[in-house]
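Presented sequentially are two complexes of subunit A, the first with subunit B as partner and the second with subunit C.
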Partner chain A sequence: MNNLLRRTIFPSYNNTLKLCRSFANVGVPKEKIDTLIKNNKVVVFMKGVPDAPRCGFSNAVVQIMRMHAVPYDSHDVLSDENLRQGIKDYSNWPTIPQVFINGEFVGGCDIMLQMHQSGELIEELKKVGIKSALLTAAEQSKEEKK
Partner chain B sequence: MVYTEGYLREKLTKELDAVHVEVTDDSDGCGAKFSAVIVSDKFQGKPLLARHRLVNTVLQEELKSIHAFTQKTLTVEQWNAQKS
Partner chain C sequence: MSIALRSGISNFCRNMCSMSGVVENTIRSKLVSTLEAKHLDVINESYMHNVPKGAETHFKVVVVSDKFDGLTLIKRHRLVNDILKEELQTGVHALSIVAKTPKQWEESDKIVESSPNCKGGFGK
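== the complex of A and B ==
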């Protein structure tokens, strides 16, 4: 099944990719990305949209944001090949998703996951004035125990 | 170019003076998706982002064709703590 899939789907995927690249390999100007990442405290560049992520790694980031109830801007790089290349060049980071907090590149999926696990994410969000829902929940359960 | 677990393990070990490297091909063999655990004292004192950037730099060429690369970067101290 896997082989069949690969044979039937991958060739067309590769062709589309090549086509996209040949038409557009310039990326978007740095200034445009500057504006995008400063538009909200948290900005995510991902594949698909938060309600329908089109990649497991992008989905993981969306889930993390959801758990912490973080308001954020999201940009779908699959709908804009220029942005897809442009954001990689901008942050000098080879993969999508990419997360920016306060206009600063924080990391991709691995880093977000590890920051989530270590509790660092709660602190980073606090610095920009966002209170994580996990922190609120922790405080509430402490309150109830008293 | 299709890369193998062995190739990546060797390159990461050499370039990062790593004492332990685990590379797993998660792609069913098509070579587009890997995950790695890298233990090196070159990560000492570096925040996560800097560690990952270091690894990305070592694999700059390879990451052009590897579609997905998951990494865990640990210092020897962190690795020992994790084992015990």
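== the complex of A and C ==
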């Protein structure tokens, strides 16, 4: 009886357990994210797309990128549950959006906002060869004053 | 006027939550004990989102601590995320962080802006 129980119930229990675990944690492989974040100098993982962000925090990052006229890749985590979990695991960061510059995790919305306000973002972009539109505008107005 | 209104709303929320916010209280006590915060605001911003009334899903924390001294912004955020790891895994969906050293806090205007408006991504 005991054996029968074990054979009939436990295997399915184990399978269910495995199934749950795979749903919870599987994410996308690290290698795939490695490729994604190296595909462009700036890569943003967000909710929705730049033309229609579906979260205020993601929208804030999009607006910052727009102000600096940064070309970037974006990935919508709402359309891919595995990516949503995978990116959190990859960068060990619990929330979306996530911004990568030169393949390195830089931060989420709060950090981007602060880097934008402090001028640090202009410097970080410069390091990877992107000239911020804000910098261009500042230079132009300086020229005009001369 | 709008600042007064805003702080009025967040005070209202804070008062409401102090009556019922289990998660809010946990966040508060964890940050106080681990970071020995000199100043701490835990603001439940869930009401701004598409979640049931009284939900504790979206928070903003303002933490002022000596322990942030010498740490980069990202390390400060990681520290706070780590302390609140359990909450983030069990229901807290958004956590906005302002992490300053006492010196930075004194030099700042001490006005914390409210988080951006919801765009409806949660609850999808």
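The working rule: the second predicted complex is superposed on the first by the 121 of 146 C-alpha atoms of A that agree within 3 Å, B and C clash if a C-alpha of one lies under 4 Å from a C-alpha of the other, contacts with A are read in each partner's own complex, and residues count from 1 in each chain.
Assume a contact is a pair of C-beta atoms (placed from the backbone, for glycine too) under 8 Å apart; a residue touches a chain by one contact, two chains touch by 3 or more.
Just so it is clear, the structure is predicted and the values come from calculations on it, not from any experiment.
K.L.:
Quick check on the subunit A-based superposition: subunit B and subunit C, clash or fit?
P.N.:
Superposition check on subunit A flags a clash between subunit B and subunit C.
K.L.:
Tell me which partner A:111 touches in the superposition: subunit B (first), subunit C (second), both or neither.
P.N.:
It touches subunit B and subunit C both.
K.L.:
So in the superposed three-chain picture, is A:93 touching just subunit B, just subunit C, both, or none of them (first/second/both/neither)?
P.N.:
both
K.L.:
Just subunit B (first), just subunit C (second), both, or neither: which does A:78 touch?
P.N.:
Second partner only, subunit C.
K.L.:
Quick one: classify A:53 as touching subunit B (first), subunit C (second), both or neither.
P.N.:
second
K.L.:
Which holds for A:139: it touches subunit B only (first), subunit C only (second), both, or neither?
P.N.:
neither
K.L.:
After superposition on the shared chain, which partner residues are touched by A:123: those of subunit B (first), subunit C (second), both, or neither?
P.N.:
neither
K.L.:
Tell me which touches more residues of subunit A here: subunit C or subunit B.
P.N.:
It is C that touches the greater number of subunit A residues.
K.L.:
In the superposed arrangement, what residues of subunit A touch both subunit B and subunit C?
P.N.:
Shared contact residues on subunit A: 57, 92-95, 105-111, 114-115.
K.L.:
In the complex formed with subunit B, which residues of subunit A make contact?
P.N.:
Going by the criterion above, the answer is residues 2, 6, 57, 92-95, 105-111, 114-115.
K.L.:
In the complex, go through subunit C and note every residue touching subunit A.
P.N.:
Subunit C residues touching subunit A: 73-74, 77-78, 81, 85, 88-89, 94-98, 115-122, 124.
K.L.:
For the complex, which residues does subunit B have touching subunit A?
P.N.:
28, 30, 48-49, 52-53, 56, 60, 63-64, 68-72
K.L.:
Can you name the residues of subunit A that touch subunit C in the complex?
P.N.:
47-48, 53-60, 78, 92-95, 105-111, 114-115
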